[in-house]
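For clarity, chains are labelled A, B, C, D, E and F in written order, and residue numbers in each chain start from 1.
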């Protein structure tokens, strides 16, 4: 239902009171066949969403897909074929491609990060650094690319950060407050910046410990100190260049905002045949 | 009004039924001072929007700004100071920064493109390749970065593309149809791929001619052929590496989807003091 | 999509928590045949919208149409036949007729204006003087009646009026500001009240010049002065009595708010057989 | 609350992604004084609504009113003065005037009808023949003009029409069914076309009897026959020419759809000083 | 239409960004058969609504019903069988049952009240004491249980209470004001607390008289005094223990808020086979 | 923001196009003082919400509160005093009281359950058995009454029930699937009906084990078997009569749907002074 609303808003944003060029040049009865083609190598994400864009405009458009989300697509490959009203095809083209290019861009970048971690247990996590309104789809693209999702928002996971610790008067008090207040199906993650903080978090049995912006060697010491008593998430300065050495420290998860806020769109186009 | 709706949706997406960590660790009466800091050089865009995020949560939050949209900000500079309820500050932080980082990312990239064109008349244009729901803000960021906006959507500008030309039976017929149907305050732009098509478009007095994916030398010939009888927009394969030689051909505008769909977020953070 | 929302709001407005008379007197299973009949001569507009009203209440209602939008209908003619659930037919009757009578009223009046201009090039234009929420449908009815649309709103066309001219410091400056700021697919129309202002607008190459409330002979002089260098729109004091002599001056367009804000509804009724 | 939603929709319809002319020619800080002036004699309705339009755009606009809804305004009179941001004044102008002209048009026409009935007890009633989305405001304008409201919609009053009578198997059965089903605070009105039907409706103690499209002399006989045992509403063929003789028959109410669906807008304009 | 919105909101409330347990443990293609079973004796209400919940999630779910609203169901009886996607069945289960248990709870309690009045003319009425957002469905459940509806809200019935009487300056003035202002299809009910007030209400020909919180013997006197000249509604201190003696006084209606605000949910469950 | 939407919907539901009785009998300028009074002993919940109802109608209504949510209120006590426009006070009365009576009803019942558990560690939990649209407020009332919240919906906590276990092929596989798929901040709860199932859940290190509908002595054995290795939640057949002996078994939590779906409203009224 959320998806349908997002698509309707996107179409309203683009089409407004009408597609004046198509209405002038294309007869209402005209039908066409269109193909969606990858213009570069990519990991596909968002094909169902793109189809839903066209069906929102005209439920009678026929869509045949030649790939599915998660597939590695080679430049030049046809991803899908659409047939139906020419006006609807052209009216939906831009919104459908905008979604497909953005989500496939995220999936493609995620796969690159995941591939760098091969051989280590570290899972690649997203963050809450998403484009407003797009979180559900962007987090879906992360999974399609082989990554894992962090909590969805502020409401479905506890992450005690420095500001919470200061306000509560220390890690111990913060954890204790959350144990009383949050429901019993939630674990507690504590953000730490030093080994001392890691020690404190362990002392109060934090379920998950985030190592925030730690140098690699400190991170390695932290993992040793934790020694399986808590899950470990590394965060900060995660790039394609640094992620493998972070994974080597033995952390359970590596999270990066770039996966969602800086993934370049991949090139996909639609051609009317 | 649209802006307020977008902010409310973004906050609902992130906060859902409640910020469980802050509610457990921070008293409702707690107040704090926070600063928003640039972590890299950037062109600022979205400061008013970010402020509106906090005011949507709590109209009593005080915001002092040390910069304004369009300013070039140096890494380390404080952009704004906020004071008010700690819970509201933390609840708004992520959404406010997500918007500020994305919009400033677009403005920063746009400025880079614009700088490359210095000395030539070519204006840098955006496209309809935007993130669903974000077009109004993204097009604002383009202007902040020194770029110009293309039409907003399908409804406020005529752009006759290859599919329209095919459907109408040639450039002449397509232009003629639009002249009859579109309102009298709209110009007509025609997409061309060859010098022959440019000639056809000139023959029917297209107001604007788009040179789509033409090699640089063909583009140069096209500009000569047009000779001021229409505005000229170059499109396709526009990158930081290619844009200057495109500008040198003498086109009036250069449009690029990358400005909106692939601008990496810039790094901005918020610290509670 | 907008249309569906408008229909849902109209039905909610009329039916609210329920049609108490029909629920008491008509069994849920009852089916009927109804005909929609013109009670006066008219130009039909809004038949698809009216059908959509009934389908919004019950997608199984069968609708046969005996005319289409734009047809001249003679008093007494049957326009459409509906068969389906009696309750749904009666619940939709008023909203469907309200739309059909209003839109056909506009189309009918527009045709009268257009007929008066026969033999001259002047197109009959609508304005932004529409009923809130109804603009898209009302502008559609204008086209059905043989008129042409002016810009849809403030966002898809430039019209520099006296207040803009004063604020900018003259016609020249106002036009120059718009040229810098508005996108390159928009023409510029300037409102003028005197021949001096027409001269100024010509000097800065306004694309369209509006002659606002000018006496007929001044209008004639203005058309001569412009001499094809800009499109000319006449506005003000346009009635069925005056429109022909305005057309005779040689203007390209004549715009009138009455077409939308004062068109009387035509008489159309629905009978259950 | 409904009103606010209607205003927001009307502004969104007109302004869309932005007022491109004002943004180009008027500085954001510019302030102005504007007056709203009657260009013809009229009965004012909708002044609060119009003010709310401007306040929806900018709560800081100052509004002084020189009249109130229901006042008879003479051509040339100033109705209100506004001072505030020039851009907001111009952006709100059209929507505010569209509402004010339409509602005052209805109030003015209603007053004309009411004046014709002076000396008789007949109240002038509106109908459900309103513009979709505008019913609450249009019914308000009816009251302002001295008329009375009929039921708001299908949900707050019982009106048994011919189709209900047929479906129920006669007037007696229809009235009986409604007595069982509708809540105990609702009266029952029955539509009649002949004196026989009036007799039937009286027999089952209908609270209100509508005389639908009856010739004047039949109407007079019906009123005599009813003799105060039910309220009497005349309906059909009600015009400024016929209404007085209808009132003379002694009916309690005269209802007319023209009041809402065919009232011409009155001429009101806004001038920036 | 309202119903669909209510169901969508309820599903969004429960499912949010996703059913994490089912997504992890149940394959997307899995299909199942489920039965809805009564765990106690009850009067069924809300079966169509519950079905609509599942169809909102997946229109392909097949639903066979073994009972209909209004049926008395014995503990252990199967009410309906569903077959379709397992994920959709589990995602809809809670919302569907929450509605069915609440509405059947109201219908069951209403039937108990109605049964107590058997042999007397008194109808059992609901009130406006409903759960926000649920009024239309709750009032439907009242009817299913054999009760009758009072006015829906403040807009479709006149009930003059003590505060209105005080503000207007007495019962006579209040009734007179309403006669002038409310539309002619509405009756007038007056709330009374003493026999004197009953007398006053009779004097001005109130259509309905509410006896509010009167002792049984005063109520009996009031009914005698009214003697059929107005409908009589008893209100206040209505319980399963007191309702029969209230009915014995001869009142026409007995209204009770408990029917909607305090009806315990009945026990209904869904089992996957 | 959600709260405001809920209040607006509730007011629209009750007031619709207008409060006809108050508009007829009370002048627009009339102001009054009103008090909200408890008619029975209760635990207060929802005072802020009720205040927001009045402020939604008129932000100028002054509200003084004599108690706060969570307070035990004695019958007859004044809870709050309001002063402001009489019409707004009466228009808001029913919605404000409906919310206050329902939420205080839940808080009062919850306190009764919590009191029964005094001396034992068992926390009293709510469920997802809430009225559609009211979950956030109902769960708030639970906390106010001294209870604790279970997960909010299907999206913020994992609860593996019998259907998930069957679909996954056993408890071990279901837990394993969830471990792979759900984010790392979520614990896993498993529903068990027998001691064998408890043993299986322990074997795969379920974080929380629900004992569903177990006899008291089996429950006691289960708690012994679990012996602190998982949190224990008792569910099923929880009433005021049974809850204490359930608490005596040593479980950590006892959950009951009755707290929300069957709490009778408490009696609170508003009087205009």
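Please note the rule applied: contacts are C-beta pairs under 8 Å (C-beta built on N, C-alpha and C of every residue); 3 or more make two chains touch, one makes a residue touch a chain.
The model shown is predicted, which means the values in this text are computed figures rather than measured ones.
Taking each chain's centre as the mean of its C-alpha atoms, the one that lies farthest from the centre of chain A is D. The greater number of contacting C-beta pairs, out of the two interfaces A-F and A-B, is seen for A-B.
Using mean Cα coordinates as chain centres, the one most removed from chain F is C. Centre-to-centre separation of chain A and chain C, using mean CA positions: 46 Å. Mean C-alpha position of chain A lies 53 Å from that of chain D. In terms of their C-alpha centroids, the spacing between chain B and chain C amounts to 34 Å.
Of all residues in chain C, those touching 2 or more other chains are 16-17, 135-136, 152-153, 155-156, 158-159, 186, listed in ascending order.
Interface residues of chain E, counted against chain A in their complex, comprise 8, 11-12, 16-18, 56. Remark: chain E residues 125, 148-152, 155-159, 183-189, 207-208, 231, 233, 252-253 touch chain D in the complex. Remark: chain D residues 1-2, 135-136, 139, 152-153, 156 touch chain F in the complex. Against chain B, in their complex, chain A makes its touches with residues 6-7, 9-10, 13-27, 30, 32, 86, 90-91, 94-95, 97-99, 101-102, 105, 128-136, 152-156, 158-168, 174, 177-178, 180-182, 186, 257-258, 261-262, 264-265, 272.
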